[in-house]
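Note that subunit A is present in both complexes that follow, paired respectively with subunit B and with subunit C.
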Partner chain A sequence: MKLKTTLSASLFAISAAILPRVASAEVAPLDLVGPIADYKVYVSENLEKLVADTKTFTDAVKAGDVDKAKSLFAPTRMSYEAIEPIAELFSDLDGSIDSRADDHEKAEKDPEFTGFHRLEYGLFSENSTKELAPFADKLMADVTELNKRITDLTLPPEKVVGGAAVLMEEVAATKISGEEDRYSHTDLWDFKANFDGSRKIFDLVRPLIEKSDGEFITKVSGNFDKVDVTLAKYKKGDGYELYDKLTDDDRAVLAAAVNTLAEDLSTLRGKLGLN
Partner chain B sequence: MTRNTGSVAPPPSQKMMKLAVAGAAILVVAGAGAFYFASKNMKAGTPNDAIVVTIKDGSCDPNAITVLAGRSTFKIVNNSDRALEWEILDGVMVLEERENILPGFTQTMQAKLKAGNYEITCGLLSSPRGTLHVTPSAESEAEAARPPLVSFVGALAEFQVFLMTQTNSLVKATAALDAAIQSGDLEQARLLYQKARIPYKQIEPMADMFADLHNAIDPIADYLEKREQDPAFTGFHRIEYGLYASNSLDGLAPVSTKLLADVTALKDRVRGLRIPPEQIAKGTARLLSSIADTKVTAGEDHYSKTDLADFEANLAGTSRMMALLKPVVSQAAPTIMADIETRLADANTALTVMRGTDGYPAYDKVSKESREALAQKIKALADAIGKLNSAIGLE
Partner chain C sequence: MRTNSRNFTTTRRNVLFGAGTAVVAGLSGAIAAEKQGEQVTDAPVSDKTQERQSFYGAHQAGIVTPRPATGMIASFQVLAKTPQEVERLFKTLSQRIAFLMKGGTPPEFDEKLPPSDSGILGPVVPPDNLTITVSLGSSFFDQRDWLAPHKPVRLSRMKASRNDALDADLCHGDLSLQICANTPDTNIHALRDILKNLPDLMVLRWKQEGSVPVLPPKSDGSHETARNFLGFRDGTANPDGNDSSLMDQLVWVHQSDEPSWAHAGTYQVVRIIRNFVERWDRTPLAEQEAIIGRKKASGAPLGGTGEFDIPDYANDPEGKVTALDAHIRLANKRTKTSDENRILRRPFNYSNGVSKSGQLEQGLLFICYQADLEKGFITVQRQLDGEPLEEYIKPIGGGFFFTLPGPANEDDFVGRTLLEASGHKVTRV
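Then we have the complex of A and B:
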C-alpha cells in the first residue's frame, strides 16, 4: 500500500515534469482579480491569528509550562499550514519557521534548526522547555515579520494557483509519511489545515471554470470531500488523533485522494491562463 | 498527551524511501522514454536546450548559468547522498522548484523566466547558492514594454484589497460619527467627521467607478442649484455644514443615517467592481487635475476648512496606487515612473511644510501663494501620471 502511494507520487512528479503545459485563454485575466483579492484577505486573517496564537504558545514555552506548550503546538501551527500554498513567496521565513531537522547539516543539533519543529523537538522528544526560550523568541519575531511583510506583498496569481498544487504534491510526496511532525505526531492537524488552505484557492477560482470544466470541478471537489470525511473520523476534541491512529486503509484513501488532487490541481494554472 | 510509540514515523519513512528508490528506478526508465517523446513533441516553446545541473556535496555544477528569457528546461541530477529540492529564487521568492529529488536521480523542470538575476539552491538550506542570469530576448523585451493584462492581476487584486480595507474603515468611522450625531454630541461629531473623511478621500481617485454613490456621499453646495438649501445637498458636506456653519445638529440625524447607508452600499459594491488597469492612472490623474485646477483655489470644505487634510488623504491614496503599479510598469516606463515618484514627493512636501504642531492650519488661513505653489505641484503630478497609460500600451 505504501509502495503504491510512493510510486504514484513519483509517477506524478515525473509526468508533471515532462509533460508540456497546455495554455488556455478562456478565462479573462480580470476575472482573477476578485479571487486573488479574497485570497489575500484570507491570508491576512490567518496571519493575524498566527501571530496571536504564537504569542500564547511561545509564552507557555518561556514560562516552562511543558504540558500547556505541548497542547498548543498543533493548534498554533494550523493558521501557518493553511497559508502554506504561498510559502514560496517567503522562503527565507519559511525556512526559519517551518524547516525540518533534515534540511540542516547537523540535523537537530544544527543551530540553524529553528522554528516550530525545533520547539516540537524540545517539547515532545526531550519533554522539556530547557534552552527553548531563544527559539521561542525567534519564532515569535519571525511570524511577526511575516505578518508585516505580507501586508505589502503583491501575490502573483500564478504562484497562488500553482501553490495549491505544489502543496498537495508535497503532502503526497513527503508529508504523508508522517515526517513533518515526527516528534509530536500531530500531522493530521497539519493535513487538515493544508487541505483547507489548498481548497480555499480552488474554491475561489472555481466559478471561473465552473461552466467550461464542470467535470474537473466535480472530480476535484469530490476528492477534497473524501479527504474531509476521512479526516473527520479522527476528530478528537478541538483537534485530531495522533498520526499512528490512522489506519492503513484510511491512509490509503488519503494518499490516493491527495495524489489525484496534486495531479488535477497542477492543471489549474493552465486552465486559468496562468502558465 | 503521551508520546506514541507506534510504527508510523520515522522508521517507515526510511523504509518507504528505499521502496521509492526501487520504484523510481523502474519509473525513470519509463520516464526516460516518455521524456524522449515529450521532448520530440515539444513545440518551439523551449528556445534553450535543457540545462543540466548536477548537485553534489552542497554545490551546483555549473554554479553560474546564463539563459535567454522565456521558457527554459532544467535537468537536475542529484549526485548527493540525500533527497533534495531544487529551487530558482528571486530574492526570497521561489520562482520554480522541484521537490524530493532522490539521491542518484534526475528530474526535469520547466521555468518561464523574465530577464534578471536569480539564485539557484544547491542542496541544504545552508549550502552556498549558484547564480542564474537571464538575459533579455526579443520576446521578453516586447512583453516588458507592453505588459499583458494578466500581469496586472496581482496589482489589481492588491488594489481591491486596498479599496476593501478603506471602505471598511469608512463604514466604521461613519458609524461612529452617526452614533455621535444621533446622541446629540456636537463636539464629538466634529472630531469624528474629520476622521471619517480620510478613508473616503484615499479612494476618491476611483470615484468615477461609483459616480452615483459619490454624488450622494460627497457633493458640494457650489454645484447645486439651491446650494445648501438644495435637497440634493447630502452626505459629508451637509453634515459639515451643520457641524461647522450652523453649529447645530438640527436636521442632521436623517442625513447621517443616509450617509451611513451610502458608505455601506459602497463597501458592499467594491468587492464586485471590475477595475481595468488603465482606470488607476486615468482616475488618479483626473482627480489630481481637478484638485489643482479648482479645489485648491476654491476649497471644498467651506465650513470646516479642513481641505489640507483632504488633500493629504488624496495624495496618500495616489501614492498607494502608484506603488502597486510600479513593479508592473517600471520596466516599460522607467522614466515616467521615476518622474511620478519625484512629483509625488514634491507634492507631499508642499503639504508637509504647511503642517504645524497642531496639524494643518484652517484653509482660509493659507495664503494665496501657498495655494498656488501647492496647485502647481499637484498639477505636475497629475501630468506625470497622465503619461503613464500610453507609455505601457494601455490606451
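Then we have the complex of A and C:
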C-alpha cells in the first residue's frame, strides 16, 4: 500500500512536469501586432507566387504539354500548402481547389471533384491533358478569387497563431500516409511547404515567449530541425524524391515529429494569451 | 450418444477448469472483489442478461426504447424481388427477431449437420435487452415497380452535406437493421443468426458497431446523458421518449399525405461521423466548450449550471454567452418554430482501428428518428452546415431509411401493411 502511494505520487510528478505551463500572462495583445503584420506579408507573397505559378501550370495543361504540366504540379502547390490555415478559411474555395477524390461520394468520377488533385489525377494517373482544360480554367479562377478574398481579409490573430498547429494536424491526419498526392507521389513537396509554413508562424511569435519559455522553444525548434534533416535526405534537384522512396523508419521519424509538434504547438495560442 | 458427449464435455471441463461451474452457479450480482476462486478465463457475469423487450406493438422496439450499452447498424442489399419473396423475407426476419428478442433454446440438429445456432451465447440464448429494428431504404421501393407507388413520400436517398466525405462502401442500402443489446456479443449473435437464415434474400453491404460508456447507478435514481467520443454529453435536448403524445407528433409518421400503411412507422437517419480525436484532444478546453455550447464536465449549457438547463438565446442575441455558431445553438434554436425540427437521437460511439495516417478511426454512429425527414434531420443538418465543429468531424457514411410500423402480435410480421397496400395477399404467420 505504501509502495503504491509513493509510486503514484511520483508518476503524478512526472506527468505534471510535462503538462503545458499555464498560459503566459506576459504577452500583451499589442505585442502580436508586429508578428501578425509580418505574417500578412508572408501570406501575400505566397499568394502572388501561387497565382503566377498556377497560371504557368494551367497554361501547360491547356497547351496539352503533359510533361511540363507534370513537372509544375508539385512546385505550384507549395505556396498554397505553406499558407493552408489561411487559405482554408474559405471552405468553398478550399473544397474546389484542394479537395481529394475521397471527399466525394463518386470519387474521381464525381463532378464536384475539381482543383489541383483533379488535374493531378488526369496528368499522372491517365497521363493525359484530355478534358482537363475546364478544370484548369476553374483552378485558375478559384486561385485568383482566393487571392482577392485574402487581400481584403484582416487576419484573426488566433487563426494565425493556431495555424502553426493546424498545419501539423493536417500532416498528421491525412498526409503522413501519402494519400494527399496519391497519383503523383509528390507528398514530400507538400510536407516541406507545410512545415515551412508552420515554422514561419512559430518563428514570428518566438521572441514573445523566448525568455519565459525557453524550454518549449528549444523543444519545438529541435523537432522542426529533425524534420528538416529527415526531409533533406530526400532532396532531389529543386525538389524531392517520390513519396514511395521514403523508408518506413524515416516515415516513423516524421510521424513522431509531426505528432509532437502538433501536441506542443497546440499550446501556442494559450501561451500567447489567445482564446 | 448425445448425452454421452455432454457428460464428456462436463467431465473434461471439470478437469480443466476445476471448480469453474460451481463458481458461475453461485454468482449473482456479486461484487468483483468478493468473488471466490474465480479463474482467469471465467466469463464475466451480468445480472441483465434476462432483460427483455417486446417485439410487438404499434411501433417497432429500439426507437423510444432506452438505449442500451451497445448497438449496431447493418445495411443490406435485398435480392427478394417478387411479392412472394419479399413476404418470405419479412416473415423470416420477423420470426428470427421474435426468437432472438425473447431468447430460448435453438433447435438441436443431428450433429453431422452444422448447428442451428452459432452458439456464441451458449446453448440457451439470453434476450439481453436485444432489439432489432427493420427499416427500408429508398432503393428498396425504387427497384420494385410494384412497390414504387407505395413509397413513403418523404423517403429519399441521403445526399452529401458540404462537410461529408462519403465512402460509397459505407452508404445507403435497401434494408437496415438496427441491433441493440446490453453486450456487443448479443448483437453479433443476432446478426449471424439473421445472415444464416436469409442467405438467398439479402446480402450484407456494410455494418458499424458502437457503444456508449456505462455509468454506475446514482443513489437518487436520477439519470444523466451519455458522452460521445469528444467527451461531451450527446442527447441532452432530446424530446422525451416517454411522452407518447410528443412522440406521436415528432417521431411516428401520421401525416395525411403519407400512405396509411406507413403510419406508426418513422424515418431513420444513420450517419457514420468520424471524429478527429487527436486534434480535438489538442484543442483548448474553452474552445471545445465554445464550439459545442456546453460545459464539458457538467454538460450545462454555457451560462447555465445544470445539464438540463434551457439556454436563453433570446437574451443573448449577439452570441456573447453561447456563440451564434455553437453546435447546440445551430442544431436547436429553441424557438417555437424550431420545436417541429426536433429529432430523437439514439447514437453510439464507434472505434474501428487506425487510419492510414496512424490516427484513431473513431467517431459517432449517429442514429436518429423523426416523423418528417425534411423537417427533422435534413433541416437540422442544413443549419449545422459550416459550423466550427466541422474542423473536427467528417461524416463518411450512412443512409436514410423508413422504419416499418411494428408487428401487432405473434400472428403479425413487420412489413405486412406494406405488402397488403401493394395488393399482395399475405398469409399471417
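Keep this in mind: the second predicted complex is superposed on the first by the 250 of 275 C-alpha atoms of A that agree within 3 Å, B and C clash if a C-alpha of one lies under 4 Å from a C-alpha of the other, contacts with A are read in each partner's own complex, and residues count from 1 in each chain.
Just so it is clear, a contact is a pair of C-beta atoms (placed from the backbone, for glycine too) under 8 Å apart; a residue touches a chain by one contact, two chains touch by 3 or more.
As the structure is a computational prediction, the values presented were derived from the model and not from experiment.
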When the two structures are overlaid on chain A, which partner does A:Ser221 contact: first (subunit B), second (subunit C), both, or neither? neither
What is the contact status of A:Glu179 with respect to subunit B (first) and subunit C (second): first, second, both, or neither? both
Return first, second, both or neither, reflecting whether A:Leu242 touches subunit B, subunit C, both chains, or no partner chain. first
In the superposed arrangement, does A:Glu263 touch subunit B (first), subunit C (second), both or neither? second
Would you sort A:Ala255 into first (subunit B), second (subunit C), both or neither based on which partner it touches? second
Output check: A:Ala107 vs subunit B and subunit C. Expected answer is one of first, second, both, neither. What do you get? second
Counting touched residues of subunit A, say whether subunit B or subunit C comes out ahead. B
Examine A:Ile36 and indicate which partner it touches, taking first as subunit B and second as subunit C; both and neither are also allowed. first
In the superposed arrangement, which partner chain does A:Thr144 touch: subunit B (first), subunit C (second), both, or neither? neither
Is A:Pro157 touching anything from subunit B or subunit C once the two structures are fitted on A? First, second, both or neither. first
Subunit C-contacting residues of subunit A that also contact subunit B: 91, 95, 102-105, 169, 173-174, 177-179, 275
Note which residues of subunit A are touching subunit C in the complex, please. 91, 95, 102-107, 165, 169, 172-179, 255, 259, 262-263, 266, 269-270, 275
In the complex with subunit A, residue positions of subunit C that touch it: 160, 162, 164-168, 171, 276, 278-279, 282-284, 286-287, 290, 355-359, 386, 390
Considering only the defined contacts, which subunit B positions touch subunit A in the complex? 1, 3-4, 6-10, 12-13, 15-16, 19-20, 23-24, 27-28, 31, 34-35, 38-39, 41-43, 45, 82, 87, 89, 92-94, 97-100, 107-110, 112, 124-126, 148-150, 152-158, 160-161, 164, 271-272, 274-276, 324, 327
Along subunit A, where are the residues that touch subunit B in the complex? 2-3, 5-7, 9-11, 13-15, 17-21, 29-30, 32-34, 36-41, 70-71, 88-93, 95, 99, 102-105, 112, 124, 127, 154-157, 159, 166, 169-170, 173-174, 177-179, 182, 184-185, 242-246, 273-275
